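The chains carry the letters A, B, C, D and E, assigned in the order they are written, with residues numbered from 1 in each.
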Amino acid sequence: MILDRVFRAIYPLIGLALILAAWQAYTQFFAVNRIILPSPMDVLVASNDNFGLLLRHLWPTLLECVLGFMLAMAIGVPVAVAVANSQILNLTLYPVLIAMQSVPKVAVAPIILVWFGLGIESKLAIAFLVAFFPVVVDTATGLRATPKGLLELAQSLRASPLQVFWKVQFPSALPFVFAGAKVAVTLTVIGAVIGEFVGSNEGLGNLLLTANSQLNSPLAWAALVWLSLLGMGLFGAVALAERIAMPWAKNGGH
Amino acid sequence: APTFGLAQELTKVTFSLDFIPLGRHAAWYAALGEGYFTEEGLDVTIIPSQGTAQVMQAIASNTAQLGFVDLPGVVLAQAAGTDIRMVAVNYQKAPYAIFSLANGANVTDTKQLEGLTIGSGAGSITPQVIKGFMKQSGLDPASLNVSNVAPPARASALLSGQVPSIEFFIMSKPGLEKGAKDASTSLTTFLMADHGLELYSNGIGASQAFIEAHPDVVRKFVRAALRGWKFTLDNPDAAADHQMKVVDGLSKPAILAEIDIVRELVVTEDTKKNGLGSFEASKMEAGLKFVTDNLAITGTAPSADKLYVEGFLPDEPVKP
Amino acid sequence: MSKDALSATPTEAAGSNTVFARFDRVGKIFKLPGDRQIDALEDVSFTLGRGKLVGLLGPSGCGKTTFLRIVAGLETATYGTVTIEGKLVNGPHPNFAFVFQQANLMNWRTVLKNVLFPLEIRGEVTRASIERARDLLNLVGLHGFEDRYPSELSGGMQQRVALCRALVYDAKLLLMDEPFGALDELKRMEMHDLLLDIRLRTGVSVMFVTHSISEAIYLSDTVAVFSKRPATIARFIDIDFPYPRENAMRYEMKFTEYEHEAGRALGIAR
Amino acid sequence: MILDRVFRAIYPLIGLALILAAWQAYTQFFAVNRIILPSPMDVLVASNDNFGLLLRHLWPTLLECVLGFMLAMAIGVPVAVAVANSQILNLTLYPVLIAMQSVPKVAVAPIILVWFGLGIESKLAIAFLVAFFPVVVDTATGLRATPKGLLELAQSLRASPLQVFWKVQFPSALPFVFAGAKVAVTLTVIGAVIGEFVGSNEGLGNLLLTANSQLNSPLAWAALVWLSLLGMGLFGAVALAERIAMPWAKNGGH
Amino acid sequence: MSKDALSATPTEAAGSNTVFARFDRVGKIFKLPGDRQIDALEDVSFTLGRGKLVGLLGPSGCGKTTFLRIVAGLETATYGTVTIEGKLVNGPHPNFAFVFQQANLMNWRTVLKNVLFPLEIRGEVTRASIERARDLLNLVGLHGFEDRYPSELSGGMQQRVALCRALVYDAKLLLMDEPFGALDELKRMEMHDLLLDIRLRTGVSVMFVTHSISEAIYLSDTVAVFSKRPATIARFIDIDFPYPRENAMRYEMKFTEYEHEAGRALGIAR
C-alpha cells in the first residue's frame, strides 16, 4: 500500500520529466529561437523571477475554473437527467446543446460580455459553456446504462423519480459522470483562458496574452506551464474525489 | 478650477482600449495616475479589448462609453449601422508596419511589396490597407500573397521562415528585434506611413447618442486624456510607473520602448501646430476615400462629416 | 392435461376465503424484429387467496418470470387482466416485494445497505428497522458480512442478501423468482422454514417460482404447474398438509405422490 | 416505427425553432445593435446572399473536422488501451495528456505552425489535440468497466491481448467510446476553427474572422450558424454510427 | 466427519488409472481492508483421474467457486499447489472449459455468436464447428433462438447458452459451477444425459459444483463434499454405478443410500 502510494507519486513525475527532457533536447539540438519556443530552463528562470506575479494571477484563474466546473456540473447533471429520461427532451434539447458546444466561444464572446460584463461572470459563463457538454453527454450515457434490473427494483418499490435518480441511476452512472467531470475540469482551464483573453485584467490567461504581446516568450510559456499544472491539479482533485466516492471500485485509478 | 470632489460626485465613465494594455497605452494610465480624470470630475475605468471589432461592440452596447477607435473601424462600424464617431485623433500616422528579416525578404522599398508573401490576420483589416497602399503607389495589389497567421504565431512564423514577412503594429518592433538578434540576423521595419500612406488611425471615439447626451463628459475626458499624453511624452518613465502600478506583467523597458515608438505616430507637424488629438477634415475625407476604395464594406459607407465631431478638443491646444 | 380440460374451474383452484389477486386470461406476446414474435404466456387465469402461498413450476423458458413480472406491474400483459385487492394492476402495486431471478444487488452498497434499500425508499429507516435487517442477515447466515460489498460474496450469499431485501419490510404480496436456486439443501430448508415462519406471522400472500418440485410442495398451499411455452397452467395441485410444516413430511407417502403428480404434469416419466 | 422516425426529425426542429424564436425576440425587444448580435433574419439573409461563399468555406472545415476526428479516434483509442491496461502507463502518461489538454491551443499555435506549417496539417494537429482527450478518458473508463466475468472468460480461453481487446473490452466499452466520440466530434469543430484562426486562408473559421474584422456581423453569425449546423451534422453522424454499431442496445438514441 | 478423520487417504479417494490433476493442500485467504480476512479454502487435497467426473457439494459460501477458479488458474491459491497433467497451474490451462456460476454472456452477441466465441478465440470457426454449435443449441432446446440477444432470453435459457459455449470445443477439462441450477427437472435430466454422453465420446475430465445431491450422485464417479467455510473436503463418496447411467437408477436403494450419506456429510439430519 505504501509502495503503491510512492508509485503513484513517482510515475507521474517520470511522465513530466520525459516531457521536459524532450523539450530541452528539442530546443537545444535544433537551436530553436527563444521567441518560438524557449527552453525549459528559460521558462524555469522566468517562472522563478515572476513567481509572485504568476501566483497572484493563478488565483483568479483557479477561481474561474473551480466555479465554472461547479456550474457545469450543477447544470450539466440535471440536463443529462432530463435528456436521459425523456426521449422528447433528448431530441429537442440536443441540437441546442450541440449548437452551444460547437460554436467557437471566442466568436460569441462579445455577446457574452454584453450579457455578463467584464467581471468574473463572463469568464464563468465561458468556462461553463466549454465544460458543460462532456458532462451532459457522459452523464446521460451513464444514466442510460443503469442496469435495467436495478431500475425495476426501484420501480417495484415505487421509488419517486428523484429517489430513482439519486439512489440508483446516479451511483450507477458514477464512472461515466467522473469521466465527464475529468474532461470538463481540464476544459474549464481553457474556458477560463478564453474568457480572460476576451476581456479581463487578471488571470494567467491575461498574463499569457500580455507576455505574448510583448514577445516575452519565457514568461508566456511560464504562464502556459502554470496553466498545465493547474489542469493537472484540477484533474487530480477530480480523480481523488472519484476514489473517495467509489470505494467499491477497487482498481479505481484515473 | 480642478475640484477634488467626493467619489460619489464623480461621473463614471468606461473607456475601452483597442487591445490589452501595453506600453503604447501608457498615456491613458498616466492620465489616470496623475489624477487628470478626477480633476475633471470623472471616474474612469479602462477596459481591455481584442481589436477594433470588440471596441465598436463595447461602445455600441454601452459596455464602454468611450473607446480607442481607428478611422477604418469607424467607417465599417457606421456602415454596419452604428453611430460611432471620433472626437480626437491620437495616432496621426497609421501604425501598420511590415517586418522582414535583413537576410530574408528585407522589405525596405514599396516596390518590394509586389509578389511578397505576408503573414497577416484574417481578423484584421491591415492586409486590405496594405493592398490599398500598393494601389496608391501604382503596384498590383493582387500580387500580394496574404497568409492568415494569428498574432501570437506571427513572430514565430517570420523567425522560423514560414513566411518571409509579417505585419504588425509598429509597436511590436522592439520585441521582434530581440527575436531577430537571437536568430543572428536583424529586423527590417517598413512603416507604410513613412512611405506615403496618409491615414488617420486611432483616436477617441464615442457614439453620437452619448456625445449628444453628455457633451461635457466627452470634452472633459478628451482634455484629461490629452494631458495624460503630454505627460507621457514628457515623462515616459513616470508614465510607465503609473501603468505598471495598474497593469501586471509589463516590463518597464518594454513600455518605454513602445512609448518611444508611439511618439513617432503622435508627434507630427500637425500636432505640434494644432495640439495633440487634433485632426483635419480634409484628411478625414482622404481617409474615408482610402477605406471605401480599398476595404470590402457591407452596407452603405457614411459621408466624411459623419466620421467625426468637432469641438471637443480643448480650447487651449495641448501641444507636445 | 390439456388446458381445456382444466379451464373449467381454474379460478377456484387456488381458492381461499378472501381473494387477494385475480388473474384473468393473462397473455404476453413479445414482438421481435422482422414480424416475428414469441408467445410467452397464454390465457393464464386463477385467483390467489389472501395469505396463500402458491408455487409455480414449469419448464425453463416457458414464461414464469414473465408472468411474475406482469403481476408485479413491471411488464404489461398483451391481453388479459391482473386484479390485486380489487384494483386493476397497471404499474407496481404499493405493497409488494419482488425477489428477482438474478440477485440484482447494487455493487456500490454494502450488504446491509442493500438490505436497507427498500426502507430508504419508503422512508422507514429507523433504529428498529436496521435491527430487523441485521437480524434477517443473521437468520440467513450472513452474520459478519454486513459491511462487505456484493462483489465479495459467493453466488448463494448474494441470493440470500436479495431475499433479506425483500423480507425487510412488510409487503402484502411477496413475488419470488427462484429465490433459493443457488443454495445448498441445508440452507434451503432453513430458508423454507424462515419463509413459512414469516408468512405465519405477517399473513403475506406469496407467489414463488421454483424448479424444485419438492420445494414447491413443501411450501405451497397450491402448486401451479405451467405448460411449455406459450405457458398456460397445466395443473393445479392443492397441497393438503397442515401448516406449520415439518421436515418429516418430506418422507410421507403423500408427499411422494404429490411429487409424482407434479412430475407427471411437467412431463417427467417415472 | 415510422412515427418514431417522424418524431426523430420533428423534435430537433422544435429545439432549433425555440432557439431561433428566443434569438429573434431578444434582438427585437431589446433593439440590439446589429454589430453586437444581428437578428436571425439578418443572418438568414446574409447566409442566403453568401451561400456560395459559405459552401465553399464549409468544405475545408468539414475536411479538417472529419480527418481530425479520425486522427483523434485512431490515436486516442490505442492510448486509452495502454492507459487502461497498464497502471504504470496510466500514471506516467496522464500528466502528459492533461498538459496537452489544458494548454490553450491558441497559445501553442506558434510552435504548431513551426512544426506543421500553414497547410491542413496544422489544423488537423489542433483539431486532433482538442478532440483527443475525451476519447482517451471515456474509452479508458469504458475499457476499465468491462465486466470482470467476461475478461475471465476470455482469460480462461487464453485469448491474446489483442483478442481480449477487440472481442471483449472494446465492444463492452462501446457506449463509453461513443460518448467520447460525440464530445470529440463537436470539439473538432472548435479545433478546426482555432486552427483556422491560427493560420489559414480558407474555412468557415477564416471567413468568420474576416467578416468580424469588417464588422460584417450578419455574415460572421452566418458562419457561426453554419459551424453549429456542421457540429450537429457530425454529431448526428456519430449517433447514427452508434445505432448501427450497437443493435443490441435498443433504446440507443443519443 | 472431521477433516482429520479423512486426511489419511484423501489423495487416493478420487483415484483413477492415470492422474489428470492433483490438488495439494490448496488454501485461499481473502484479505479484507483493515487487517480482516476471509479464510475460504483450507488444505484441499485430492487427485482427479483422467476422464473422471467429480461432483462437488458444499454449503453456500464455503469456497466451491473459489476452488474451481483456482483450478482454472483464474485465482491464485494463497498456499498449496494445483498440478494438471504434471504441470503446475499458474494461469489458465490450454485446454479447459469453464461454466461460470452466472451465465456471463456477451449482451452484444447473439446466442449463436456467444456459443461461437471460444471457437473464434481459438481460431476454430469452420462450417463444421458452426454446425456443431447449432446442434448443441438444438440439444439444449434453444432451436430458433440462435439470432436472439441474451437480454431476450429467460434465466434458464441463458444458462443453457453458457453450457453450449463450454461444450462447443474439445476441452480436456470441464469445470462447471452450478451449470444446471436454473433449469427445470426435465431439462436438467436431459442435460445430465447430454453431459454423460459427451464425456463418453470425448473422455473429458469433469469437475462440477452443484447443490443437488441427487444430481451429484447421478453424474459423478466421485462426489466430494466440502465442509463449511473454511472449506476442506469433509467426505469422498465413490459412486459405484456403471456408466452409461439410467434414470431408473435414481429409484434404486443404493442411490438413496448415497443420498443419505451425502446429506449427512452436509449436515442434513434425516
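One rule holds for everything that comes next: a contact is a pair of C-beta atoms (placed from the backbone, for glycine too) under 8 Å apart; a residue touches a chain by one contact, two chains touch by 3 or more.
Worth saying up front: this structure is predicted, and the values here are computed from it rather than measured.
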item: Smallest count of steps, each to a touching chain, taking subunit A to subunit C; value: 1
item: Set of chains whose contacts include both subunit B and subunit A; value: D
item: Euclidean distance of C-alpha centroids - subunit C vs subunit E, Å; value: 28
item: Length of the line joining the C-alpha centres of subunit B and subunit C, rounded to whole Å; value: 84
item: Separation of subunit A from subunit E, taking each centre as the mean of its C-alpha atoms, in whole Å; value: 50
item: Where subunit A touches two or more other chains at once, by residue number; value: 35-36, 110, 114, 197, 212
item: Two or more partner chains touched - positions in subunit B; value: 53, 57, 61, 152, 155-156, 160
item: Residues of subunit C whose C-beta touches two or more other chains; value: 102
item: Pairs of chains satisfying the touch condition; value: A-B, A-C, A-D, B-D, C-E, D-E
item: Interfacial residue positions of subunit A with respect to subunit B in the complex; value: 33-36, 53, 56-57, 109-110, 113-114, 117-118, 197-202, 206-207, 209-216, 219
item: Touching residues on subunit C, where the partner in the complex is subunit A; value: 72-74, 92, 94, 96-98, 100, 102, 104, 106-109, 117-118, 120-122, 149, 151
item: Touching residues (chain side subunit A, partner subunit D) in the complex; value: 7-8, 11-12, 14-16, 18-19, 32, 35-37, 83, 87-88, 90-96, 98-99, 101-108, 110-111, 114, 133-134, 137-138, 140-141, 144-145, 175-176, 178-180, 182-183, 186-187, 189-190, 193-194, 197, 205, 208, 212, 220, 224, 227-228, 230-232, 234-235, 251, 253-254
item: Contacting residues of subunit C [partner subunit E, same complex]; value: 30, 32, 38, 57-61, 64-66, 101-102, 141, 148, 152-157, 160, 177-178, 181-189, 211-213, 247, 251, 263, 266-268, 270
item: Residues of subunit B that touch subunit D when the two form their complex; value: 51-53, 56-57, 60-61, 73, 76-77, 79-82, 119, 121-125, 146-150, 152-153, 155-157, 160, 162-163, 295-298
